[in-house]
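Below you'll find the structure, written out as C-alpha cells, and then a few comments.
Order of writing sets the labels: A, B, C and D. Residues in every chain begin at 1.
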Amino acid sequence: MADPELERRPEFATATVAYAHDLERLWETSPGIAGWLSTVDHKEIGIRYLVTAFAFLCAGGIEALLMRLQLAGPDRHVLGPHAYDQAFSMHGISMIFLYAFPVLSGFSNYLWPLVLGSRDMAFPRLNALSYWIYVAAGLFMYAGLAIGQAPNDGWYNYVPYANREYNPGMNEDFYSLGMIFLGISTTVGSINFIVTLARTRAPGMSVNRLPILVWGTLTASVANVLAVPSVSLAFFLLWMDRQFGTHFFDVPQGGQPLLWQHLFWMYAHPWVYALVLPAMGIVSDGLPTFCRRPLVGYAPVALATVATMILGFGVWVHHMFATGIPNLALAFFGGASIVIAVPSAVAVFAWTATIWLGRPVITTAFLFFASMIVLFVIGGVSGFMTGSVPVDWQLTETYFVVAHIHYVLIGINVFPVVGGIYYWFPKFTGRMLDEKLGKWNFWTMFIGFNVAFLPMHLTGLWGMPRRIYTYSPDMGWTTLNAITTVGAFIFAIGVAMLLINVVISLRVGRIAGANPWDAPTLEWSVPSPPPPYNFAVIPHVASRHPLWEDRLGESEVTSLVTRGLLLDHGRETIGTSPLDGDPDVILKMPGDSYMPLLLSVGLTMGFVGLLVHLWWLAVAGAAVALIAGVVWLWPRGTLGQRRVRHV
Amino acid sequence: MSETARSLPVLPVGTPGRRSLGWWGMLWAIVTEGTLFAYLLFSYGYFAVQLAGNWMPRQVPPLRLALPGIVLLVISVPAMWLGSFGARRGRTVALLIGLVLALALGAAFGVLQGLDWRSEPLTLRQGEFGSVYYTLTGLHLAHLAAGLLGLLLMLIWSALGYFDARRHAPVLILAAYWYFVVVVGVTVFVALYVLPRVW
Amino acid sequence: MVADAGAYSGPAHPAPARGRVRLGGVFFGLIGGPAAWVTQLIVNYGLASYSCFPRIRPSPYGLPGWHGIWGGLLAINLVAVAVTVAAAWISFRDWHTTRGEHPGHSPHALDAGEGRTRFLALVGIMTALGFVAAIVFDTVALLAVPQCPG
Amino acid sequence: MSIRRVAPAAAALLTLLAQPAAGQRPLGYLHGEGPKAWPVVQLTLGLLAIACVVVIVTSALVVVGIWRRRVTDITDIRSVPPTRAGGGLRWIAIGLGISGVALLGSLIWTVVVLAAVNGPSRPTRLTIEVTGQQWWWKARYLDDDPSQQFITAGEIHIPVGEPVRVRLIGGDVIHSFWVPALAGKMETIPGQINETWIEAGQPGIYRGQCSEYCGVQHAHMGFLVVADPAEKFAAWRAAQLRPAQVAVPQQTGATLFVYHCGACHTVRGTGAGGTVAPDLTHLMSRGILAGDVVANTIGNLAGWIANPQGVKPGTRMPAQDLSGPELQRVVGFLQTLK
C-alpha cells in the first residue's frame, strides 16, 4: 500500500457539518493582529487590494481636483508650476500604477479561486508578498510628495529631462526606484495568476469554460510577465545614469533618448490594455447576469481579449509618431493601431447583442456595466483617430489625448470596477449595497464624467497642449476648461457617494444570501461572505454556467456543486491539467506566515537605502529579505516535502 | 446525472516533481527574467545600430579570463543534471556530487568574472559600451548569485534528507533556474566578447 | 464523513475528441498568425526606419544600396500571410475532425464554446483569419507610402 | 436614425466647430493654412465624423436595447429565468463587417494623406535649423554662404507659398515643434536631427508651441511663424543679417548690457556674444518675449529684465542686479535693436 501522505484517491461525497467544521479550523486565520499580519487568505488580500487601490484613487483624485482648480480659468495661481508638475505626475502614477491595475488585481485575487472552484491562489504567500510590496512601493513614491520631491516628469518620464543634469532633486529617484519596486509586486502577482489558472481549477473547467474575467486577467498577467521587465530595466538604467554616471540616456556621451521611449512604451502600451481587459472581463461576466442571458459569442469575445493584447504589443510606436521615425515605418504601426479596433468591436457588439437579446434588469451594477459600453466606444473611436499617423501628429500631446486616456481609464476601468463593487459587494460582505443611493451614485458619476471629459476633446482640437500649468485668456480655452472643472467636481461627488454607500451598507445593508442576483458562476454557489476554505467540497464543472444549467437546459450533464471532492488532510486543494482541468495532483497549500511581510520590509529597507545612499541599510534590507526568503522556502514535513519516516 | 462516469485515479499528494506549482512558477519566473535580458540585449543592439562602430572601446574585453569562465559555467550543466538525476532516482550520493560540482563550477565562473572586472581597463562610465558591459554582466552575476545561494540551500536540504525519489521538486526547480542562468551567461558572453570581435 | 472512494462519477470529459488532433498542430493554429504578424511588423519596421534614418540624422532619399528593400518588405508580408493561412488551414482541419465533439452546430460552438478541442480549433481559425487582416492592414501602408521622406 | 442622415449632419456640425472662430483659437488644428495642413485637416474631420457616427449609433443601440425589454424591479430578478435566445452572433458578424470596412477605408485614406504630406512637392530653397531650448526657440537660417546665415529666436519668418525645410535640433531636453495651422508635431530630440517641412498658403502670423513636456515652463514655450510675401521676406532677411548699430546716446546702456547680459545673449555688433540665450540683435522686430509669456512692449521688457522669475517662474534667465536708472538705460538700448 502506498504511503497515503504521498498518494491517495480523494474521497467523493457531500459535505457534512463536522467536515466543514474541520475545514474551518484548517483554513481560518488566527484572530487579532497576528492573523492580520500573517494571513495568506486570497479573500482578505483581495479586499486589501481593493481598499488600498481606492485610497490611491482618492489621493490621485485630490491631485486632479487641484489641477482642475488651477486650470479652471486662465492665469490662475492655485498651484505654481513646480507643484503642478508634481501634481500631474503623481496623478498619473497614482491612477495608472497604484489604482487602475491593483484594483483589478483585487477583484481577481478575491474572485479567481471562487470562480475557478479552488480554495486559494496557487501561491498564497506570494499573493501576500505581492500586496505588501504594492503598498510599500506606493508609499515609497508618495514619500517623495510628502517632502516636496515627487516625480515631476509625467508618468512617461522622458529623458533627458529626467536625467540628473536637468532634474537634480530626488524626484526622479523616488520614481525610478519606486517603479522597480512596484514591478516586483506586479511580476510575482502575475505569475501567481498564471499558475493559478493553469493548475488550480475545479475538475472539468476546461479552457472553454473559463469566465471572461479570467481570460482578461490571464491575458493581462502574461502581458505583464513579458512587459514589466522592460520598464523595470528602463528605470534601472535611468537610476544608474543618475547615480553612477552610466551613459544610457546621457546624450553628450552617446546616450539615446529614444531608447527610453521604446523601452517605456513597449511596456506601457500593453500595460494600458492590462488596465482594461480584466475590467472588460468584469462587464462580460456581469452584464449577462442582469440580461438574464449568457454572453453572446463566448468564443469570439474570449479570443478578442487575447487578440487585443497580442496586437497591443505591436503598437508601442504609435506613441512615437512625432519622433522623426520615417513615415513608412510609422504607417505599419498606424495599420496595427487601427486594426486593434477590430477585437474591440467584437466585444462591443457582443455586449450590445447580449442586452438586445436578453431582458435587462436595471440595477446599479447593470447601469455601470451598460454605460461602460458607450464610454468604451467613445474612448475607442478617439483611440482609433490617434492611430491615424498624420492625424496623430496634431492630436498627440494635446487635451484630445487627455480626453482619450480618461475615457479609456475611467470609462473602461473605473465604471466596470464600480459596477463590479455593486455586483460583488454582497459576496464580499454578505450585505447588499443600497440601490437607491446606487442610482444616484451612478448618474452623478456618469454625468460628472461626461461633463468633464466630453468637452475636453474639443479643448484638444482647439489646440490646448497637455501638461501646461496655465494658459492665457486669448487662447479660446477658458469656457471649456471651466466646464471640465465643474464636471470633475461632480464626478468626485459621485465617487464620494460610492464610499458613503459602502460605509452605510456595511452596517445596515440588506442581507444578501448566497446568490442575490441569481448569477450563473461558481462564486455564487458558496455562502456570502465565503468561508475561509471557499468550497467545502471541490465542485466539478460541466459547463460555463454551473448555476444556470437546469434552466438553460442545453447541457445533458450537470455540474456537481454540493457533491464533490473532500480534501481535508490539511490545507488541500486539487491540481488540474491546464487545458481540460483533469485532476492530477492533490496540492498542499501553505499556512499563514509572517515571511511575506518580513520580506517586503527587508526590500523596503533596501530600496530606502538605495534612495538615500545609506548602503549599510540597503545591505541590511537585502539580508532581512534573504533570511525571510530562506525561512519561507524551508521544506516542511507537513507539506509532504519531507518523507514521513515510519519507524 | 451523466452515466459516462469516470473514476478518479489515485493522485499524488503535495509537490510531485513537475506537477508541483513551484515548477510552474519557476517556468514563468524564467520567462520574465529572460525577457529582462532580452530587453537589455535589445538596448545593446540599439546602441550598436545608432552609434555604428564609434562606441566600441579600442580594446574589446579580453578573453583570457572570460573564456575559461564560460567553459566552466557550461560544464556546470551536466553537473546540475547529475544532481537532478540523483534526486529523481533517490540516489543521494549522485545528488550531492552534482550539487557540489555545480556550486563549485558556478562559483569559479563568478570569481573569474570578478577578476575580469578588476583587470578590465573599461569602466562603468566609459561610454555606452562600458555601461552596457557592466550592466549586462552585473545583472547576470546577480542571477548567478541567486543560483549559487539556491545550490547551497539544496546542499543543506539534501544533507538533511529532505529529498528522495518521491519528493524532490525543489531540486528540479533549481535545476531549471540554473540552466537558465547558464543560457543567459552564454548569450551575454557571445554578445560582449564574441560579437565585437567578428563585427 | 462518507468515504466512497472510487464511486466518483463526474460529468463527461470536456474534450472527448482530444485524441483526434495533435496538440502541436492546435498550438501552431493558435500562435502561427500572431507570430507571423509580429515578426513582419518588427522586421519591416526595423528595415524601413533604418533605410532612411540611419543613426543620428535622416537620409531623405534613402541609404545607398537600400532602395530595393521595398520588394523585400512586401515579400516578408507575403510569407507572413502564407504562414497565417497555413495556421488557418490546420485549425480548419482540426475543426473538421472534431466538430461533432459536442452536440450543436457551429454557431452554437462559437456562442457557447462547448467541446474544448473544437473550441480551440475554432478559435484558431478566427485568430488566423484575424491576423491575415492585420497583416493586410500593414501591407496597405507599403502600397502607398514612399520609402523615405524625400 | 440612418447612418446616411447622421453622417452629413455630424460633418456639418464639425465644420461649424472648426471654421468661424479659428482666429480666436490660435492653436486649434481644425483649420489649416497650407498644403501640408489641408489634407490632414480633411482627414481629421473625416475620422471625427466617422467617430461621431459610431458613438451615436452604438449609444442608440445600447439605450434602445435597454429600454425595450427592461425589468425595473430588481427584487424580481429570479422571476426572469435565464434563457439563451439565438441570433446574437449575427450582431457580431454584421458589426465586424461594417467596422472592418470603415477601418480599412480610414486606413487607406490615412496612408494616402501620409503619402501626400510625406515631402514637399517642390524642391525647397530655404532650410531653417530650429533648436528647442528650455524654454525658447532658436532659429538659424542656413545658407551655403556662411555670411548669409543668421540666428534669431522666438519668431520664424518664412516666404508664403513656398515649402520650407525645418531641421530640428534638441538643445537640452526633448521638445516638440508644432505650428498647428501649418503642420503636426515633430519632436526635437537631443542627439539626433529630425527634419520636417512647412508651407504657408496664406500670409499671416501662425502661433507655434512646444508640445512635449520639457520642464517647469513648458507652458510658456511658444513661438510665432510669420509668413510674408516673397519681397517682404527678403527685406526681413536682409535686415536680420545686419549687425546692430549702437547710437551714441545708447553707449552706456550697451555697455551695461554687455556686462550684465553678454555672457548669455548675443547682440551682433557689440561685445555681447553669449550663445545659451536668445540672440537679441533684432529684438524689436519681434512681437513676443520670453517664449510668448508676454507681448514685446517696453513695460513688459523692463519688467521681464527686472524680475524674470516673477514673470516666468523657473526660467533659466537670472535676475540682474540693476539699479532703476541702469535698467532704464539697458531697456533704452534694447529699444533701438530694430
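We take it that a residue touches a chain if its C-beta (ideal position, glycine included) is under 8 Å from a C-beta of that chain, and two chains touch if they have at least 3 such contacts.
In this text, all values refer to a predicted model and were calculated from it rather than measured experimentally.
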item	value
Centre-most chain [mean C-alpha coordinates]	A
Distance-maximising chain from chain B - centres being C-alpha averages	D
Chain A and chain C: spacing of chain centres that average the CA atoms, whole Å	27
Geometric centre distance via CA averages, chain C-chain B, whole Å	32
Between chain C and chain D, centroid-to-centroid distance (C-alpha), Å	41
Residues of chain B engaged with two or more neighbouring chains	1-2, 4, 8, 50-51
Sites on chain A at which at least two other chains make contact	9-10, 12, 254-256, 294, 296-297, 300, 324, 327, 331, 334-335, 338-339, 342, 542, 554, 556-558, 565
Touching two or more other chains - residues of chain D	84, 88-89, 100, 103, 107, 111, 114-115, 118, 191-192, 194-195
Topology of the chain contact graph, where touching chains are joined (line, ring, star, complete, other)	other
Touching chain combinations (by label order)	A-B, A-C, A-D, B-C, C-D
Contact footprint of chain A on chain B as seen in their complex	1-2, 4, 8-16, 19-21, 24-25, 28-29, 31-33, 35-36, 38-40, 42-43, 46-47, 50-51, 54-55, 124-125, 127-128, 130-131, 134-135, 149, 153, 157, 161-162, 164, 166-167, 169-170
Touch list for chain D against partner chain A, complex	17-18, 21, 24-30, 39-40, 43-44, 47-48, 50-52, 54-55, 58-59, 61-62, 65-66, 68-72, 74, 76-78, 80-85, 87-92, 94-96, 99-100, 103, 106-107, 110-111, 113-115, 117-118, 134, 168, 170, 172-174, 176, 178, 180, 183-187, 189-192, 194-195, 209-219, 313-314
Residues on chain C engaged by chain A in the complex (per definition of touch)	1-8, 10-15, 18, 34, 37-38, 41-42, 44-45, 48-49, 51-53, 58, 103-104, 109-116, 119-120, 122-123, 126-127, 130, 133-134, 137-142, 144-149
Touching residues on chain A, where the partner in the complex is chain D	80-82, 85, 153-154, 158-161, 166, 251, 254-258, 290, 292-294, 296-297, 300, 322-324, 327, 330-331, 334-335, 338-339, 341-342, 345-346, 348-350, 352-363, 370, 373-374, 377-378, 381-382, 384-385, 388-398, 435, 458, 461-471, 474-477, 516-518, 520, 545, 548, 551-552, 554
Of all residues in chain A, those that touch chain C in their complex	9-14, 16, 18-19, 203-209, 294, 296-300, 302-303, 307, 310-311, 313-314, 317, 324-329, 331-336, 338-339, 342-343, 540-544, 554-560, 565-566, 568, 579-582
